[in-house]
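First subunit A sits with subunit B, and in the next complex the same chain sits with subunit C.
For the complex of A and B:
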């Protein structure tokens, strides 16, 4: 496979042609904030707006999950403009997230917490008015609960559900603030043909999908799994 | 003259299609589907034509469409709930549209919406169980000088008040009774 050389944060990197900047950086130990990225997905979802980077010669920051690497590209992952965009995106996510970490099963393994400490954002952000959903919690499945109020709409579970069985149980519905990961006609998950494969709980970055027995999913597992699959 | 203000809401009951109605809906959906090939990009046009045929998109129609186009059922549901043009509830005999555009909003459109909700016992986007009325909101109907506006069966009513809501309902009811008397069947 053809490789191209580029520079990310001053580090010279070789990456296969066509690979996205995000994965090139992550493979070389440079972390770029992300929530929705899935390595195996054919099209990046590009919904979380956290992976902004600055590329020399570009007018504005670009999302690194959609940007293919190019020969001689110079990428700065810590640029003030890209970091500001990422920080705002994270604050907006937190503005509609019930921050009750002490009682959350994902406490300390939550990717929102990780991103907050990395980007220097407080969990209880004051910049935006707090506006949380008040949707019922779905505990219809025997081994996990789904709390849509904590969901950050990263689409990882939707993608996984689909990838695993071809026909997905989970999907997006409704619009705007009401947008939610749900099932056909908002039925409980257990009544919608879920085969309880647990894959969606494994990939959930926050406390929206959690095991009932307190078992922790593997954080960043979507990435880990795909790595073993491709190598 | 009967007093409508103390009457209970028509009904909160959910509209359920009988098996015969469901079969009929499925048959008519399949008829529409025949005109399309099984491509995912046909989803929106298919749903539009099915809605033209049935007046709304019942559960059984969405399931037929999902199966035909080989898309997950939840994706059909997602598209239907995303676009305002699709409705999940059958249209009523009379359509009631409450304008919540800027002018109507300022002049108390929400109060009227609440009045309708109370009287009909349904939320916006829903239909009463007897399928007489369907209630929904619109963003602006272009006659802001008459605010607050309600569009009743395509006729714009200006400067509506909650009392007028009762009046409109009473008129419909009397009309219905008159018809029933003329044609007792």
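For the complex of A and C:
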């Protein structure tokens, strides 16, 4: 495969042609904030709005999950404008997230916590109003619970369930602020044909899908459990 | 696609046209009077169908042979229902504000009698000595009709009338041209997409044409969703063939075999008339296989969208057409290279496509001679809100807002003061009085923070609160947000909650800064056009009407006396008439009582601020007023 050379944060790297900047950076040990990126997905979801980077010669910040690498490209992952957008997106997510880390099964393996320390954002950010959902928690499955109120709508569980395993129990419903990951007709997951493969729990970056026995999912799972690409 | 048998195309079309022309002449120059009732959606909601019924009923009592025709919207929506009467030997007259009773009188007095009834007339369509010409109205000084040329003048359900007016000639010409030459012609004309962003049409077509692959698609975007915009609906309802002809030329140019009209299901009449038009075009061999005997084949299917605003965005529209949820995705790839089913697809707005036939017919230079340096041609606006002449208008690019609002629109009703104009719907901005003399085109509007959008123009007067306007549009966008990306889903929701606080008097000054920062971030950081443009109403109102925001936050005062929580109703004791108790009886919550002097007093604790007392108070007293902030109401005595 053809490779191209580019610079990310001053580090000269080579990446396969057509690869997105986000993966090129992650493969070379440069972390770019992200929640919704799935390496194996046919097209980037581009929903979390965290992975902004600045590219020389470009007008404004671009999402690195959608931007293919190019020869001679100079990328800055820590530019002030891209960081400002990432912080705003993270604060928006936190303002609609019930922050109760001490009682959350995901405490200390939660990607929101990791992003907060990386971007210098307080978990209890006060810039925006607290707007949380109050939806019922689904504990119908024997080994895991689903708390839609904690969900950040990254789509990883939906993709894994549908595209990777072809089950399709989970999907999105409603629009705007009411958008939610749910099952067909909002039935409990256990009654929706779930095969309890636990893959959705493994990929959930936050405390929305957690094991009942306190087991932790794979931490830092931006790669979404890809057999070929664990770095 | 090679050009074969040009003469065949020309002669096939000539036959079609001859037939259409002879039918038109028979109708228009015949001895029968013609009554045209403007019955598009706007006319129908004003009662055009009842008028039509009355006309037919009245005629059935007489012996006269009269041609009754249903036509589309003339653009004069303020005067609906409209009736146009052409009686041989007399000028053609447009009558406005027609009720069934007036319609019966017109039939009796003018059709059966000789009284031309000038009291109902808006004007005549040609110069004459009886009735002033409609073109003497001040609006016609500024208006120039290209797209609106035929609307309201022809029966949209009769293809021959469109052909007789020069329709499908451009198609016949185009089929004898090389596609590259058509692109060149459109490029020279300077046509830019009328969907809002103003992207070069020729460039879009060229990218699609040169994209590899045999299968290509053409989509007409008729998913008009802006509050207060109805241009696309009017064109589809009143002159559907102009859109179909534009689609045919575009399809021939880019090499598409299949096309769709993506129209919202809330436009049933537009869907119905488009279906009839498609059927008739196919019947004449203008659509379908081997069009006009050429090797070019193309078919069009109407597709009814379910009314999601976001589906006006190209990528979401395609997803919806593919049967998926209407969610946008990242561009590039642009649809012109990878669109419907992954094939190169051109998506053009209704108006963009309708401009194509006149450009091919009259030449690129003619089109390029109209408008400003970078925005050619005309712009169609839907005038709504606080303006006398609501309706459609078409003016050359570069016309000023003042000319549109005051000359074409007739100014602000009830002698109120102009305050702002909201252009481009939820994606556009609110422009203040200082922008009135700016010539408008795609670029000048962008500079001041608004955008052409689809062309909705809502006029606001001194009674409109700008904070409330921003809140209204944001409520719309956050509800219509698909929810896929964080910035739009949560950002618009947060902005809305701040604006709600302002209008309720709960805002803080620091919110204003946060709101501005957030609006900037949502503008840059959103996934699609809906999110990126959604802060425009907020940013422009904050830019031009900052004082109003400050009044809401610092003084808890709504200067326009509009925000429900920041006003109170008060009865001026010196104006209140002792013998009148009109307000007492109408008050829905029994909050008004008489005091010892028989002066009426509102119990502020009971009052729900419905405003009924203000309407009920007779004009000669005018004793009920609104006060803001509510604590300005003097304490009750006795």
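Heads up, the rule we're going with is that the second predicted complex is superposed on the first by the 222 of 231 C-alpha atoms of A that agree within 3 Å, B and C clash if a C-alpha of one lies under 4 Å from a C-alpha of the other, contacts with A are read in each partner's own complex, and residues count from 1 in each chain.
Here, a contact is a pair of C-beta atoms (placed from the backbone, for glycine too) under 8 Å apart; a residue touches a chain by one contact, two chains touch by 3 or more.
Values in this document were obtained by computation on a predicted structure and should not be read as measured data.
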Problem set entry | Which partner, subunit B or subunit C, touches more subunit A residues | C
For this session: With the two complexes superposed on chain A, say which partner A:182 touches: subunit B (first), subunit C (second), both, or neither.
Result: first
Exercise. Which holds for A:14: it touches subunit B only (first), subunit C only (second), both, or neither?
Worked result: neither
For this session: For A:174, select first, second, both or neither according to whether it touches subunit B, subunit C, the two together, or no partner.
Result: both
Exercise. Who does A:162 touch here: subunit B (first), subunit C (second), both, or neither?
Worked result: first
For this session: Show which residues of subunit A both subunit B and subunit C reach, each in its own complex.
Result: 172, 174-175
Exercise. Along subunit A, where are the residues that touch subunit B in the complex?
Worked result: 162, 167-175, 182-185, 192
For this session: Provide the residue numbers of subunit A that touch subunit C in the complex, in ascending order.
Result: 43-50, 52, 60-61, 63, 66, 81, 84-85, 88-89, 92-93, 95-96, 127-129, 131, 152-153, 172, 174-179
Problem set entry | Residue ranges of subunit C in contact with subunit A within the complex | 308, 325, 329-330, 478-487, 489-494, 497-498, 514, 517-518, 521, 524-527
Problem set entry | In the complex with subunit A, residue positions of subunit B that touch it | 59, 62, 72-78, 81-82
